[in-house]
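Two complexes are shown next, each including chain A; its partner changes from chain B in the first to chain C in the second.
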Partner chain A sequence: MSPRRQLGNLLLIAPLTIFLLVMVMVPLVIAMLSSFGLTTVAPGLPGHFTLQGYRDFFDPSKPSLQALWFTFKVTLITTVISTSLGLGLALFMHFRKIRLNAALSFLVKVPLFMPYLVTAFVFWVLLYPRGYIGIIFEIIFVEFFRLAEEAPALVADPYGIAIIVCGSWMRFPYAFVIIHGLLQMLDPSLEEAARTLGARTGRIVRRIHLPLLGYGLLSAVLLNFLALFIAFSIPFVLGASWPQFLSVFVYVNAKDQGNWLAGYTTSVVYICVALAIAYFYTRALAKARKHA
Partner chain B sequence: MTDKTKGKSAIARKTRTLPEADELPVAGIARRGFIQTAGTAGLSLTMLGFIGREEAHAAAFKPDLTMEPNPHPTFGYPNWFPSWDEIERRAKAEGKLNVSAWGGPETKDHFGKICAAFEKASGIKTTYTHGDWFAAQQQVLNEVKDKKEQGSIDAIFLWGKPFSNLMQGGGVWEVPILDILPNGRKIAYRPEMGRFVHDMVPTYGTFVPHVNWQDCYVYNKKKFKREDMPQKVTGVLEWAKENKGEFSYCDVNKGGSGHTWVMMLIYELTGGYEKYAFRPFVKEIADKDWQPLWDYLKELEQYCYKPGTYPQGNNAVAQLFAAGEITFCPNWDAVMAQGVIGGTLDPEILGLFVPEPGIYSPMDGFTIPVNAPNKAAALVFLNYITSVEAQMQVPQVIGAYPVVTEAWDKQTDKEKNQPYHPVKDLRAWRDLGKMGARHGEYMFHMMTQWVDKIARKN
Partner chain C sequence: MPKRSDSRWVDWLVIGLVVWLILFPVVVVFLYAFATKWFPSHWWWPQEFGINWFRKILTSNNIVTAMLNSYLIAAVVTLATIGVTFPAAYVFGARTQGNNGSFIQLVEGFSNIPLAFPTITVGIGLLPFYAKIGLLSSFPGVVLAHMIMAVPYALRAMVSSFLMVPPEYEEAARNLGASRALILRKIYLPLVWPGMMAGGIFAFSWSLNEFVLILLLGYPNIETIPVQVYQFVGGYYLHPQQAAALGLFLLVPTLALMFLVERTVKSSAVVPAGA
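Up next, the complex of A and B:
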């Protein structure tokens, strides 16, 4: 490419690059500086250097680490469930040779087009004690199996049950779409050869599909984990008073309680964890491309 | 002609018009008798209200702690001081107004209607923004910080905390607007009604109350009688022990009915209202004296509905109540009203009352930001929404009490007897009765502590 053409390309992409840099970097820098108390963008920030926010965050007697752990735990469980559902459905359709026609495709992909907030409210209505699922759960849990005197709360519960259920429903199509697409690209002769040699389905999945789907699966896991880890609407609507999801914790600290230093510090930790996951995700994608 | 000669001729003209003393028609009445008769007649007419009526009313407080309109005409104001007529003229000249408020759909409906009616009545183009109190407060504070002289909000609806933030952030137009508004006199002269304080934040007259939400004890009257319910605000624990799993209150950070009720518990359990009322926030008091409150709430938790879980908002509690999951909870009159009006709550089960000595509830209202570009229009708007006609809409649309009690008096019996209004004689109960206010700073402190002390398992 001639230097002139290169310069032209640079000039063409420069506005977008600058725009993105400003839009991404400025809030990040402000959040970073504010977490050290170096700005006065919000009321209550000291305007001078302090590590108080970080001291408070990493103090085990304070609630921040508990919120981080809860967020991590619930996100991990949801990721495992949603990815397993997506993988299971994709493999089931693959082995049963079910074609993904328009109707089925629509049904599976509905969650992709649902706003998180709306879905959270839908699940709230379904899961609260007089919602359909709530009633069914009570019948099974209390009346049929007599496991307890009363059914545990499914919404606003301390275990994050509602968040896990709603998050799994929202995210399983992502895993399904990725894995289903990869399965279509697999060489069928490998599976046929295994069958000819007497391998059962379970073994075929373990020895052929999972190794070949590895990077796709990893990217689905990381994508789901990241999306849920940073989610706000679902834990805000369905979460309990405590433990709180980290995003809700930031919101409550900053907006409801006016503790902006804690809000910004938690945000920075949050961003760092999310960026680390994003780094692994992009690395996994790069490796997948390399192996392809 | 000089002034001196002009004066002399005027006196001469006046002298010529007076009849001579010896020409007076005496007709058998002496001077002393005339003075006595005239004096008696004058006093009688005054007592009957024919003479000096305006002045007497203007000077007198009415027994309901309101005042008559000021009869002093415009000439009472020097040129440098704006009369209300002048404010109205300037408002018309400004010609537009930006109003910002927040709340549920019913509040949106209320303010939408009221703004439209104001625009129609005044000809002032009124733009209503329904949003988030925090965003609106931040907008004003940021504009003030950026020294933006012409802001974007003319009248902003606030609860105690953002009002405090705006006051302390220099965002409030520090003019005693409540005393300027002619309709401000219709609000009873009680300190807690926004005159001195809003959630114990000093107002200096810069705040115009608009709606009186009332936190109440809500119970299922099909299952319980009124006398079965706790008569005192602190009686919940005993009741909950006897009726395990039947009571709940909302997460204090997610709904006002929860934190308003807990604020009342603070008053009752940790030293009384007088200990906090009209006094500044002292963190040491909260740290040192609040253990009885935390003990009470911790013990209560064991007997609550699904112990350890708290409904996430006023509506969530109302929904549990409507579904029959709980039979007793504190909640706002307006929230329960929306359930009845919307058909999601059976009015036959709704019992509602205010326990002794009360659940001191807020009177949210408006202030004018310091950089409001249309301050005269904002004043005229605030006067309009404090009129009896506009205030009458508050119970009908929102389901809460108006701050102008006359607007409650004029409601139909049907409206007054709705099950979501806990008190029928508002004047005797509120304006002339025992009144209190939440302490915004202590309440806020309690909200930050509640998660650690109650919701978070140690």
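Up next, the complex of A and C:
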């Protein structure tokens, strides 16, 4: 490529580069330096090097590790549920040879395109004690089976039930779309050969489909995990006051309580974990493409 | 296969269940928005429908301002995002580019980074920076903040479109003496418009639904629909019916635009992350 053309390319990407430097790099550097106390951009930051923020974050008696653990737990459960639902539906449609027409294809993706805050709101009204699911839950467990004196809270609860239900609904279509696409690409003769040899459906899924889906399935799992791990709107609306999701914990520390050192430290840990997941996701995706 | 035709009802049952599972929460938003009488003793279905809640929200100055803010910010974010990403997508995606230098590859890789970031962490990093340069609670500040997440989505959609243009078109135009600006305008623009439209729609819908950055960097001077919806369900004044009516101003345009993307670009390359 000629030097003139190279210069032209650099000019063409200049607006994007400047934008990324100012709007992505600068806040990252501010968060990183502030987590070590090296800036005075916000109240409470000492302006000299300190590891106090990290000491506090990793102190088991402080709430930050609990928030991280809670976020991991809720995200993991949601990922397992959403991926299982997506996998189950994709396998069902594959074995029953149900074709995904244009209408059904769009319909399945509706949860992915729903505005996050509206989704959080709708699950709030479904799960609160006077909502559809809240009322049905009370009728079944309290009035019919008499398992408890009163129905446990399904929203703003300490177990993150509302976040799990809402997250599973939002993310199962993604797992379905990916797995359904991968199943279409599998060589049908493998399944036919196994059937001829007398293998049952369960064995075919275990021995043929799951190993061949491998990295594609893993990439769907990791993206679903990442999508919820970095979420804010859903845990902010549906979560309890404690334990908090990590994103809400950052917001409350920094904006509500003015504890900026904790806010920045948690942010840096949060970014590192999210980037590690993203790294494994891109690797899984690359391997899936290579095996395709 | 007789067994298959006999058990066709199982297929319908499962598909019906899935459709119900997906549509039920969407229907509930409409029910709450249009229900004007809904007694607790008849919890399963509203007793009267109407447009009272829409009348109520449309007579509130705060909410109307929030709506105008939402749509205006989203429109400006879309235009600015396309302006920044279109030339870069050409460099990253056009097959005539050959092997780009390591700096360009670095910028391309870095442009995807915000997709993996928790938005809140970018927001609290930007907060003191904005305060210092006077962008806090300002319209340009909010537009720039929304572009952080809009840019990677738009870029991915546009790069995919540039990749599909045969390199011979540009080479022929270059041999005839066309400048790069002319090539971009006359050759690429008509061919990559579906990707550009998809990217623009993603930018628009991202900005329309964005909540945390507005809460951190725009509120209280700039309020948008998501902030108002939150005030009705998470604030001091709980009102699910008004929240639902207002939520429809987010839900309907978003689903309509996504339907348009599905029709225009036959790809699920861009799937929103985060929640």
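Keep in mind that, in the parts below, the second predicted complex is superposed on the first by the 269 of 292 C-alpha atoms of A that agree within 3 Å, B and C clash if a C-alpha of one lies under 4 Å from a C-alpha of the other, contacts with A are read in each partner's own complex, and residues count from 1 in each chain.
Definition applied: a contact is a pair of C-beta atoms (placed from the backbone, for glycine too) under 8 Å apart; a residue touches a chain by one contact, two chains touch by 3 or more.
Remember, predicted model here, so these are calculated numbers, not experimental data.
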item: Partner chain(s) touched by A:242 [first = chain B, second = chain C, both, neither]; value: first
item: Partner chain in contact with A:30 - chain B first, chain C second, else both or neither; value: second
item: First (chain B), second (chain C), both or neither touched by A:158; value: first
item: Partner chain in contact with A:198 - chain B first, chain C second, else both or neither; value: neither
item: Which partner, chain B or chain C, touches more chain A residues; value: C
item: Partner chain(s) touched by A:13 [first = chain B, second = chain C, both, neither]; value: second
item: Touching partner for A:188 - first (chain B), second (chain C), both, neither; value: neither
item: Which of chain B and chain C A:129 touches, first, second, both or neither; value: first
item: Which of chain B and chain C A:1 touches, first, second, both or neither; value: second
item: Touched partner set for A:274, first chain B, second chain C, both or neither; value: second
item: Contact residues of chain A, present in both the chain B and the chain C interface; value: 130, 237, 255
item: Residues on chain A engaged by chain C in the complex (per definition of touch); value: 1, 6, 8-10, 12-13, 15-17, 19-20, 23-24, 26-31, 34, 39, 41-42, 89, 92, 96-98, 104-126, 130, 132, 135, 167, 169-170, 173-174, 177, 223, 226-234, 236-237, 246-247, 250-251, 254-255, 260, 263-264, 267-268, 270-271, 274-275, 277-278
item: Residue numbers on chain A that touch chain B, as the complex places them; value: 43, 63, 66, 128-130, 150, 152-153, 155-158, 237, 239-244, 252, 255-259
item: Interface residues, chain B side, partner chain A - complex; value: 134, 141, 161, 165, 169, 245, 251, 253-254, 306, 308-312, 316, 319-320, 323-325, 444, 447-448, 451-452, 455-457
item: Contact footprint of chain A on chain C as seen in their complex; value: 4, 10-11, 14-15, 18-19, 21-23, 25-26, 28-29, 32, 40, 43-44, 83-85, 87-88, 90-92, 97-101, 103-104, 107, 110-111, 113-129, 131-132, 144-145, 147-148, 151, 155, 180, 205, 208-209, 211-212, 215-216, 226, 229-230, 233-234, 240, 243-244, 247, 250-251, 254-255, 258-259, 262, 268, 271-275
